[in-house]
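In the two assemblies presented below, chain A is common to both, partnered first by chain B and then by chain C.
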Partner chain A sequence: MNNPYVIETQELTKRFKQFEAVRSVSLRIFGGQITGFLGRNGAGKTTTIKMLLGITHPTSGSGTVLGHRIDIPKESVEMRKHVAYVGEDKQLYPYMTVEELIRFTKSFYTDWRPDLERQLLKRYELPPGRKIKSLSKGMRTKLALLVALARRPALLILDEPSEGLDPVSVEDLLQSLVRTASEGTAVFFSSHQIEEVERIADRISMIDQGKLVMDFSLDQFRMNYRRVILGFASQPPTAGSELFRMAGIDHVRADGRQITILSSHNAEAILEQARHCHAVSVDVQPITLREVFLEKVGADN
Partner chain B sequence: MYICTSSVVHSPPVIIKLHPSAGQPLYLQLMQQIRHAIETGVLQHGDLLPGIRTLAEELVISHNTVAKAYSELEHEGLLELRHGSGAFVFATRAMKSRAEKVRSAQDRVHELVADLRSERLSEEEIHRLFEAELFYSAPVAKE
Partner chain C sequence: MLWYKAWRESRTRFLFSVLAIAGLCAGLVLYNKDARAAFADKQLSYAEYIWRIVYHGGVRDIFVLSAVVLGLGGLLREREQKTAGFALALPISRWQWIVSRAAVGFAEVAVLSSLPALVLPAVSSFVHQTYPLSQALQFGLLWLVCGVLFFALGFFLSVVLAGEYVAGIVSLVSLVLYSLLVELPGMEKFLPDLYDVMSGAGMPYFRPQISSLSGPLPLALLATILLTAGAFVAITSSICARQDF
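Let's turn to the complex of A and B:
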């Protein structure tokens, strides 16, 4: 099987009565990479993840995770052997100690790696005898990661892993994710924190109101997305102008003699054309992920 | 994004600061900073940079970013990757003369910026002038 994708969905949809939580989402998540699943709270991230894991059944559409169909329970069970999941709610079992939880969890898996367990226990500095209910949220996240990673899964899926963590714990978490990915586990994590996603992700899938709105590699994004600000001393080009029909133009805004163009690529050719239209000032700026995020999902329209 | 002090004994500390929000891929930023360190002599022939995983973890960036930067630099002949032990700096004589060029260019930029400042242009304005010039002249420079 030569599938480069660890997750692939077609038109995945989930309807709860009248509410469509996920609408025709077609995802392609590459192996060997870190992918950020970015969206506001309530955008459909958790529902999508639950469908991927076979926890929730899709209303329509289909998908595979590591080549296993997500809508067939038997295949889903097989898939879960190779996928680790760290959920939003990291309550775990509050009455157990760290050691007890580890012992309990490992009894479910035949591929548990005691060497990895020891390594992770040491690296995360978890107190084996401490009750889970008295662990900080950061420590609980580490414990959840430990039981997820001690099997060296092919794919690690996390739902809002940094939610509620202090900055130091977020740093530890991101470092763990980076390390995990470098050891060969594909990482797919949801978040609404742009800064953390843009630091560690290779690719981003952006979801809003149940729909996939963007899907790109961050290298390509940084290389190509530009804001081009043109100033004109005379009448600026009007809507019908060739300038605005060029490839790569995402959005155009005119304010008097100034025109602002958002381009997803092709900024150089747009500039060239702008000079033909006698622009007297030209400013090209990179666009941040935050700006694009706000533009795509910010306005509730 | 933070200081990367290599954990390997003979290797000098290199300060790498990446800007995730800048309009440039992180691997290119990383390449430039390593290249710059070699050109200025902060990194010298035979110095050892951390391995891909270690550097990725220290900088908290994807290993793919480091791998891509290292492999491009290796292609340029500036690094020699050794499996499991990191990346050796490979600085030739041509690099050294280039280092001098960069230093003299830096002096000229320094003077120019001082001039512009004395003409009361703001940092912001100077910054934009440089940026606009670079963007504008990019296609010309290729010819």
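Let's turn to the complex of A and C:
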């Protein structure tokens, strides 16, 4: 496949009557990586994922998943043969037993791997004869993961997979995701838990109020993202200043005579320009993902 | 496995309906002497009694209710129960979901409609009565065709109306309104009374003197009813294809 992206959207938009849940999102998710889809509750993560899977129809825009167009039902069915999905609620048919749900799910896939199924059943310690309605949320998540992973999908999409899980189950889950990615499956998972995203993701796409606000690799982030704090003796430069038009400035916050810049790269040149603008103090600090998230999301609100 | 799922989700409703219809048919035959005595017309023949109480009475109404209730459910209900995401992420088109559920429902309606034909002639011999199988089979065919339409109504409403019980309640209200509507004078020209089509009451293919079907069944009307049911399913499928879950 020439296309390096497993997911690609252009201006994807979803409107529910007056409310715009997703606004012109253009996503590019690489294959062979773990991508965290970070955003607050109600940011538009679930709606975006549902549009990718054909569960919800886009109001406008387009997209492909594994090269299949998401807005053409036939292509969407073809795509879903190679995509596994674990939804936010992890609700599975309560009247089925674990064994019945596995049997039901595997009937739709030609690439089902019984050896992997047995292995995962053992690893997750799922009781085959137990009704799903009597499973805990952690057990249900494991079962949802089992039916998603027992066939080595090309792409695994998870919506808030750790929601409602205890710390041990979260750890199990994260390890499963890392293991899955190491075996060649691209993983795209939404979360508002910054720490878990930071721990396992290779790339991060950040969404807020339906808009994609950031998209970067974590390595690139650690190497290049900096917080630049500038102090001025008198009135700081205004919005039209040369300083704020420099490459690498991702976000600017003014607080009296102090200006805080979030730079994605080019921090040294920004500092140089700041000195030209008569900054009396300059401070460059490394920044955590949590701080970037709060800076972007908090400020945009 | 889609069939299996459709069956699993409807089997409780179906089995209750089987029990109700078969149980009532058997009970009404076994205790026909006591039951017939309760009628004002003491000279009621056995065939007339069966017609009045099964094909033109409560058992028919239970069948209609069962057919509508069997049509309820589907993806909108799954959205309420939060399993729609799992279902729709499977490599299955929405059309396949609709068809599997409709096919299982039609099969269940077929079984329900044939229950009186299975029970009445067999149990009648226990009380030294006879009920002709040919009559029971013809009534069964009328019930099947009309039952399919009632099923399609429930099926359609459950895709249009969200909420655990909303579609069920609206279906029942629709049945009541329909019953009232077809009673209006002159309405028979525009809207067939499906209850009468099922029982034959007032129809040219029914002889009230012997409470039996005689003459050819209204095949054109039955075909129209089936086409209407098919149209309901097609519209349901088209609506479902456009819905967000």
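Operating definition for what follows: the second predicted complex is superposed on the first by the 247 of 301 C-alpha atoms of A that agree within 3 Å, B and C clash if a C-alpha of one lies under 4 Å from a C-alpha of the other, contacts with A are read in each partner's own complex, and residues count from 1 in each chain.
Throughout what follows, a residue touches a chain if its C-beta (ideal position, glycine included) is under 8 Å from a C-beta of that chain, and two chains touch if they have at least 3 such contacts.
Everything numeric in this text was worked out from a predicted model, so none of it was measured.
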item	value
Clash-or-fit label for the pair chain B, chain C on chain A	fit
Which superposed partner A:Arg103 touches (first chain B, second chain C, both, neither)	second
Contacts of A:Ile72 with chain B and chain C, given as first, second, both or neither	neither
First, second, both or neither for A:Ala247, with chain B first and chain C second	neither
First (chain B), second (chain C), both or neither touched by A:Thr288	first
Touching partner for A:Ile34 - first (chain B), second (chain C), both, neither	first
First (chain B), second (chain C), both or neither touched by A:Leu92	second
Which superposed partner A:Ile200 touches (first chain B, second chain C, both, neither)	first
Shortest span in Å between Cα atoms of chain B and of chain C, once chain A is used as the common reference	26
Of all residues in chain A, those that touch chain B in their complex	32-34, 171, 174-175, 178-179, 181-183, 195, 198-202, 218-219, 222-223, 225-226, 268, 271-272, 282-290
Residue ranges of chain B touching chain A (in the complex, touch as defined)	1, 20-27, 52-53, 56-57, 60-65, 128, 131-132, 135-136, 138-139
Residues on chain C engaged by chain A in the complex (per definition of touch)	1, 4-5, 8-9, 81-86, 88-94, 241-242, 244-245
Touching residues (chain side chain A, partner chain C) in the complex	50, 53-57, 73-74, 77-78, 80-81, 83-85, 87-89, 91-96, 103-105, 107-109, 144, 159
